[in-house]
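Letters A, B, C and D name the chains as they come in the text, with residue numbers starting at 1 for each one.
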């Protein structure tokens, strides 16, 4: 690892997230302005194995800061999970003159970073996932956009829910984490928000609350269910059978993964991409960049992967007080 | 029906549609400016049976032109389908001094108009449904908004579809009609659009086209399926098994029913609401208001209900030429 | 003009409009699918004089249907207004093997078409301008998007106007035509809409109406002024001095020219681009494509340029009835 | 101040900001759920002097979390700046049984809180302003929405700027502070961002940078100027005369103040409104609620008003590295 870095490779891996393009742009431009060459590796780690590698210049990343998705494409890569795959990927770096890697993705992608580091390729990881399920970082690239997209969709759903005196059960993304659900629930004024981190009792936490609220004059309801909790349709059926209120399920789905990133995602991604190159420039390798209380910080990859974060359930308390 | 009209009642019925509020606003204000009193009947025809009737003035409809849903609420009404229900509803009109009704809704609502007319209550119907499935009118209130909402959602989906080289199968609304699907398909550049009016052969119309397009360098695909054709998930499964391309289904769902109406829906609804009151003022009763080539026209309710319109499939030809 | 057409050139000219990319895409793909080659001419007619001409294939127009602006860039071209410039442009077509031109733009661009036709280059024009000021066509590419953008911005302005009991005077685009203003005024519920086609008296049409409306309980006002009428700031000052109501001017400006096109603009642009190539294929040259009552039609260029259309002021009557 | 609090009054003051309604909702509902009565004071402190005071219940704040503006209206109040005005306002509180006030607004509003506290009315202030110019708080209600609105508008402007190879000079709000400009500049990839906190040299910081960037192939430019720096039109004229590049000014204006609040503004406002009532419940008076590194904290009003915050100019450095 004593080699001087001349060329930096950048790739996106795992599920795509809005703001990944802003991060790529910041990495490419900061690197070039600091005197490095940059290569883009397409379709995640796969691109190393298949040779899908392109030269990038200042203009390669023009007019992308406002675009969802990733111009480098992304993929999961089974072969890369084997030692042989990792060795081939490292060799591909050396063959293409790539001295260091910046990888934008989630925990799986960071484990890939660790594997590449073990093969002698310096790496820096940036947290890019809508799910916000990266323990070392308060905030991940794409999370703010996904939540705002969910909020906009549910605001539309509210119109028809209210016009028909219905209950809408809305399933939002987040894999095993309730971050998107918890904040979206507050933002749309959901009567109840169910997240995987907190067990619930249907009768006490949902049905009784609906009935109590009906007495105050409210006749339509929005219930948010995180994808990690269960199926919206099952919950809607259960609610309808117990309350008699016409209940409909909506699964917001992959629409939440796309769209033009919000200001927050663009700014955070830009700061993180800049920080990643600055780390490499200072000879600080094998780190994950993160936010901590609005500052940009970084952790050793192994440390980052061993960290654990808990969801702040005071938001649930606030929600249950003001949603009625 | 020789009675002079002094008070006009207005209600929304059936599924809600963006722009219904703009129509209500136009009816209320035109009527008041022309010297009529106006009463709002809530929850569709139900409101007549339950007495859910409110006085409306110029300010009752302030700040609603840009809102989705309907401030008068809507519902389906089983009791109203019986002769006895219709008689009770007509009596409720007389008891509340309502001399004529403006009803905003779909074909079912217009059949209700016809029934009320048979009971001696002059009626005018306005076409309000996102599905555009009203034969006498080129265009219905809510249709433009629903399509633009679908397009915005699919544009987001496109980002993630492209980043992953996937096929997205997207189910849009429209009940038994393909209007939303057909236009949305053109607007998002869908490779294939399947509508209930035109039978399809999966191998020839979908699979072969995907393979031909792949040869031109395209690796991601958007397929639109109208709700009247079948389930998006089934189609996605079938495509994946025949092509090996990672295929995902998205059901856009009730989000398409809500949201702030587009300019076109607001303007059309305003023109139609104005026209409805002008008809009553001229003593022309029992009509359905419609658009014909951007003009506002009207038809006898019975004639309107007996009309039939066919979907313009030249759009399919254009789509199949330019989507590749 | 008896030469067989093998290669079609396409360019955008004049002010840009959302949907121009959808039109380019339809021209390119229809042409290629029909067996023609296609060249893109960049920066309007200038590109012919400077040789800024690119080959286009099916994939050159991928992922552009949803993008504002024009991938071919646009410009005004002084030199092209001289006979010598026109001769040089026609020669450039012949030198580059361009046998016919499709030009997307406004009246100025169509006069360019006529000049090229006079030099022996078959042309077809497509109406692309947000202003809707093309006489032969009910509707121009970009018009619907510009109006919806204006409506969205004014809906935001409404919040602050209402919170402060103010009068907002909003200047919308449209050059010498009032189309955007008239429809936007209806759609946002503007108390008054001023357009260049209809003279107004400030005291009678604005001030008196504001005072009458205040008596009904309304305390905030939106006034729309078309760019062709005068300056928003002057009107706001005048209103404030005559009524004492805090009045603010907003000029929506060039934001109205951009953004992702609406469904209507995408579909119309696609239909028109397809139609243009079909005309050339049938040997029908020197036409302007247009919409007439939702159908796609075409006119001889000279006829199109000599046509005249009047604005439908019944919308003003409707607006003055329902905006109070 | 030993009196037990039974009734809490809530008002919004100064310029409106998106998210104020979410804050009002949280204050009202938390208070009622904790056993207090709530009164809404309309049009800021004016409402105390004019008696524009309404009773509020759980349903008074239904369906407002997603709405811009403030349902309580806002105003500046000259009379309240006099001691006599303050005494009358405090007496109005006592006459209406209002035992404590929650005030949502900016620094001017907090000075009003301090004055009311001096008259014996316990107060809590919440930071509501799009400008983010409240020293004690990292973040103010409305700031995130205003920036995202600016970004969306500039994204549209980008289309036309690019299509014409122009320079767009965009003036964003922020009064004497550069927060909106700085972050918006990063988010839209502005070549240069001018803020009042950092002096600039036109030739070195703008013109030279434009020329250097042109050499990399870029032909269109976005320059952000904070309202506190000067006029966009003057800067555009200067740029055009020095570079020859067609330059246009756009003033985004009051549109930035309105619109449906973002998730972040809704969640922060909800948390702050909840916190304000919890403070009163604990007998902690005369505080300003604030965010500090994503936590909700509070400060003594006098301390809050004496604080000073500096803008983080590392964002300028990042911007100048990656915007080219």
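Following the convention adopted for this analysis, a residue touches a chain if its C-beta (ideal position, glycine included) is under 8 Å from a C-beta of that chain, and two chains touch if they have at least 3 such contacts.
For clarity, every value in this text was computed on a predicted model and none was experimentally measured.
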Hey, how far is the Cα centre of subunit A from the one of subunit D, in Å? 28
Just how far, in Å, is the C-alpha centre of subunit C from the one of subunit A? 39
Note: subunit D sits from subunit C at a C-alpha centroid distance in Å of 36
On subunit B, where are the residues touching two or more other chains? 155, 158, 162
Among line, ring, star, complete and other, the chain touch graph is ring
Which pairs of chains touch one another in this structure? A-B, A-D, B-C, C-D
Residue ranges of subunit B in contact with subunit A within the complex: 12, 15-16, 18, 43, 67-70, 73-75, 149, 153, 155-165, 168, 248, 250-259
Using the touch rule from the top, collect the residues of subunit A that touch subunit D in their complex. 25-26, 29-30, 33, 57-59, 62-63, 65-66, 138, 144, 147-148, 151, 155, 158, 162, 183-184, 186-189, 216-218, 260, 262-264, 266-267, 270-271, 273-274, 293-294, 315, 318-319, 321-324
